[in-house]
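In what comes next, chain A is part of two complexes: it sits with chain B in the first one and with chain C in the second one.
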Partner chain A sequence: MKELFPAKQVMGFVFSLILTVVALLVYFTDMSFAVGMTVLLITAFIQAFLQLVVFMHAGESKDGSAIYTNVFYGVVIALVTIFGSLLILIWDM
Partner chain B sequence: MKIDHTQPLEYSTDQNQLNILGFWIFLGAEIMLFATLFTSYFIFEGRTGSGPTPAEIFEITPVLIETFVLLTSSFTIGLGVHAMRLGRKNAMLTFFGVTLLLGLVFLGVEIYEFMHYYHVGATYQTSGFTAGLLTLLGTHGAHVTLGLFWGLFIILQVKKRGLTPENANKSFIFSLYWHFLDVVWIFIFSFVYLKGMM
Partner chain C sequence: MEFFERFAVPHASPMIYASMVAIALVSIGIVVGITYFKKWGYLWREWFTTVDHKKIGIMYLISALLMLFRGGADAILMRAQLSAPEMKLLDAQHYNEIFTTHGVVMIIFMAMPFIFAFMNLIVPLQIGARDVAFPRLNALSFWLFFAGAMLFNISFVVGGSPDAGWTSYFPLAGNDFSTSVGTNYYMIAIQISGIGSLMTGINMITTILKMRAPGMTLMKMPMFTWSAFIANVIIVFAFPVLTIALLMGTTDRLFGTNFFTTTNGGMDMLWANFFWVWGHPEVYILILPAFGIYSEVISTFSSRNLYGYKSMVGSMVLISLLSFLVWTHHFFTMGQGALTNSIFSITTMAIAVPTGVKIFNWLFTMYKGKIRFTVPMLYSLGFIPLFTVGGVTGVMLAMSAADYQFHNTMFLVAHFHNTIIPGVVFAMLAGLTYYWPKFFGFMLNEKIGKITFWLLTVGFVLAFFPMYITGLDGQARRMYTYSEATGFAPLNMLSFVGAALMAIGFVTIVYNIYYSFKNSPRDIGSDPWDARSLEWATHTPVPEYNFARVPQVASSEAFWDMKKKGHQLFKGEIKDIHMPNNSGVPFVMGIIFFIAGFSFIFAMWVPAVIALIGIFVCMALRSFEQDHGRHIHVKEIKEIEAQYGEVPGNENRSHTTTRV
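Take a look at the complex of A and B:
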């Protein structure tokens, strides 16, 4: 039975639960918008990275570097699209 | 078909390795799909018109249930892949089954949530905010729904034909899809719900 619950994945799960609870502090405590957003950005990106490495085994095969490059490229384009649009349409810069 | 026994079953042939790499490239495109939906949501978030604001319609309880259920399902499918690598077919099928049940709970709560939005007057056509919100949530929910059927067929195939390199490959790729949906949900949870209720 024990072999079915590898320590790495159990730790990954516990850590992602902790990150979720930390993110929830934004709701349950009184934080300024800037502090809250900083907390959320940090917890969300750590958690996404955790999923990628621990659960999706992104780096384990010989295609690991191609996979990371592909994901990294996707994320960069995503961030440029999101923040570029916000910059022009919402923050009015 | 040359089978490399030093690799886990899902990587054991060249075709299998290419399938996995190809699916990652698809996930790269999925990142962009959700990025555009997040973009339109963020832009329309403040355009509530005469409709409700985010803080008025979001409820913490269903969001908490959805988050923890999906997070746990991502864990259980990870355990399923681990069991598959140990060659424990029944354990793997149990973990995949638990994953799909959790996915079903998630979907049930999301349907409840959509009904709640309808009842408080936040429909697709109410405002820019609700249109952006429901498109984003709906696209994610549609992915989960598709995943439920996909996972069901994977379970049936493994049950019927056993753990072959081909089936292991399909199962692994399905697990990538499911983890990806959890990653998207982490961002929805953080930057739609928690940001909206802050």
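Take a look at the complex of A and C:
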């Protein structure tokens, strides 16, 4: 029976619910902007990664490394774009 | 009547009325002609519903050539207007519209479909596949591109062309300064064809990663496939930025949001930022497949394998990364500090390094090679020095301090035409000549092709090199006229002469197609150029299943190995071939997207909502459709193969080569 029960997925589901609750706390409690934003960013990225690995099964097929390379490339470009834009339009304007 | 007034052109001129009449007459002529020759059924069965990558590629090719002439007409009008001081051919508004549509048409609706044409035609053949990974999605990509292109092209006779430049900077492109529907056309038409481009990107990446012939590892892929792969990776990462920027621009113009306005917390500079986050990688989306074509052509006609295969691949990967790190160099003068400008200056100059590596690799490929001066090779040989000049002026522009002098002058215009014309256009024409026999079964005439090459090269040099000088002397781009006292007149006249030569050059291409269709011999065999990679290992013209038996590959030049080293390309028995079914849905979706786009442009919400529902209905229908494709049976394959006679690479027969 053990191999039929999707333990990993159930754990993942519970964990993603916890992450959602933590993110909601930002709205319902009285946090400063900086703390709230930090909580949101951290929970959002863990959430996204969780979905990708547990529910979209990244890394389970034989082209797992290609998927992670793609994700890594995408994250690098996204970060460059965001921080570059901040640099251009706010920090160094 | 009030309803129809919105469709009137706000700034009409005799030229536009003449175009209206011409468009109406040509459209009626086409419809009557097709009906008279009873070709509707043929068109529907063979072209509108096709999912065959080769036919889709040919449709891209035809569209790209048509758009080349549309954009070329804009170009020649601009050069004519500037050929003498105080010229009265175009007024300021008309000139604005023409330089805007020239830029958009040439980049989005000419260069993009041209590279998609070659990706569609060549990539599946080079990797030994039967089609792309998602054939129906491929058809949808094409019809979305076509819907976008047609939508953009009717703008100048229905409601007015966009006039804020191909970069469409806000606040100029906002409702306050661009009051006609022109900029709506820009936002919506590019959006629709951009969705198609993104789909092609995903489709091609999947095809290249998943459908390569047995034995073809990534590092054994032919160079054009590598370049297409990298270009599509850039598409997938760059186009979403454009999609969102266009969406924000659209909502600003249609729904009164304030993303790019100068009031209510909007930030107009954000548009320029987003536009170039997409726009700079876009440059490499265009140039990398062009580099791929040059690699194939130079290697074939030097009779040598490509020098530095690994460094070619490495430099392209590096370019794909660097292309996302340089976008600020398009607006060094926007007001950000010296630190930012210095960072982006350095990243920009760094791109010259991998590009230089590629240039040297091509030179070393030719070194001690047995060079044949065919038309595709001439384009490649013309490309190397001309493109290098463009690259060097690019490094000049990359120096942010100096850029304050060059910015917004004709120097910049000269620079980017200097990279795009020898870089992309020459590559497309080289590819057109090189691959023409593969898909149409006859060669283009070499003599006329050489005349075309020289007309284009001499025309190009005359048209664009003077702009470097007038630009340094202070001639601003996008100015519709100038006074005699500026002294720009003689060089601008020279530019006009060059542009006219180029125009004649492009006409000779059409004449060449006509002439060769009538006169070229049809018994050219399957390998008329004595080529090296896998796309030449099948019949000419290519049967719908591409290869009767899947090729077995052991190097990046499998076909050459077969011819010279006795490599066995095709082994085993012919088996049933599984092929996708045709579908009319992509064509219908293209039409619905066109209607939706048109309704959005004119803010007609009822048809817009109906059309949007139609799009979702089409998608839902596709989700529930059971379509397992069809099989071509062994008997049928053998009959088709027998029609072609000699089978290239067949283990039982010897191979013959037709030399040029």
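Everything that follows uses one rule, which is that the second predicted complex is superposed on the first by the 85 of 93 C-alpha atoms of A that agree within 3 Å, B and C clash if a C-alpha of one lies under 4 Å from a C-alpha of the other, contacts with A are read in each partner's own complex, and residues count from 1 in each chain.
The rule is short, and it goes like this: a contact is a pair of C-beta atoms (placed from the backbone, for glycine too) under 8 Å apart; a residue touches a chain by one contact, two chains touch by 3 or more.
None of these values were measured; they are calculated from a predicted model.
Superimposing the complexes on chain A yields a three-chain arrangement in which chain B and chain C clash.
Legend: residue contacts after superposition of the two complexes on their common chain; A:Ala23 is shown touching chain B, with no touch to chain C. Within the superposed three-chain model, A:Met93 lies in touch with chain C and out of touch with chain B [touch as defined at top]. Within the superposed three-chain model, A:Ser85 lies in touch with chain B and with chain C [touch as defined at top]. Within the superposed three-chain model, A:Ile77 lies in touch with chain B and with chain C [touch as defined at top]. Contacts of A:Ile67 after superposition on the shared chain: chain B is touched, whereas chain C is not.
Of the two partner chains placed by the overlay, only chain B lies in contact with A:Pro6; chain C stays clear of it. Ranking chain B and chain C by residues of chain A touched puts B first. Superposing the two complexes on chain A places one of the chain C stretches 260-268, 566-574 or 602-610 into chain B: stretch 260-268. Chain A residues 63, 66, 73-74, 77, 81, 85, 89 lie at the interface with chain B in one structure and with chain C in the other.
Touching chain C in their complex are the following residues of chain A: 63, 66, 73-74, 76-77, 80-81, 84-85, 87-89, 92-93.
Put simply, chain A touches chain B in their complex at residues 3-6, 9, 12-13, 16-17, 20, 23-24, 26-27, 31, 33, 36-37, 40-41, 43-44, 47-48, 51-52, 54-58, 61-63, 66-67, 70-71, 73-75, 77-79, 81-82, 85-86, 89-90.
Taken together, the chain B residues at the contact with chain A in this complex read 7, 11, 17, 20-21, 24-25, 27-29, 31-32, 34-36, 38-39, 42-43, 46, 60, 64, 67-68, 71-72, 74-75, 77-79, 81-83, 86, 88, 91, 175-176, 179-180, 182-183, 186-187, 189-191, 194-195, 197-198. Of all residues in chain C, those touching chain A in their complex are 209, 233, 237, 241, 267, 269-270, 273, 277, 321, 324-325, 327-328, 334-337, 339-340, 343.
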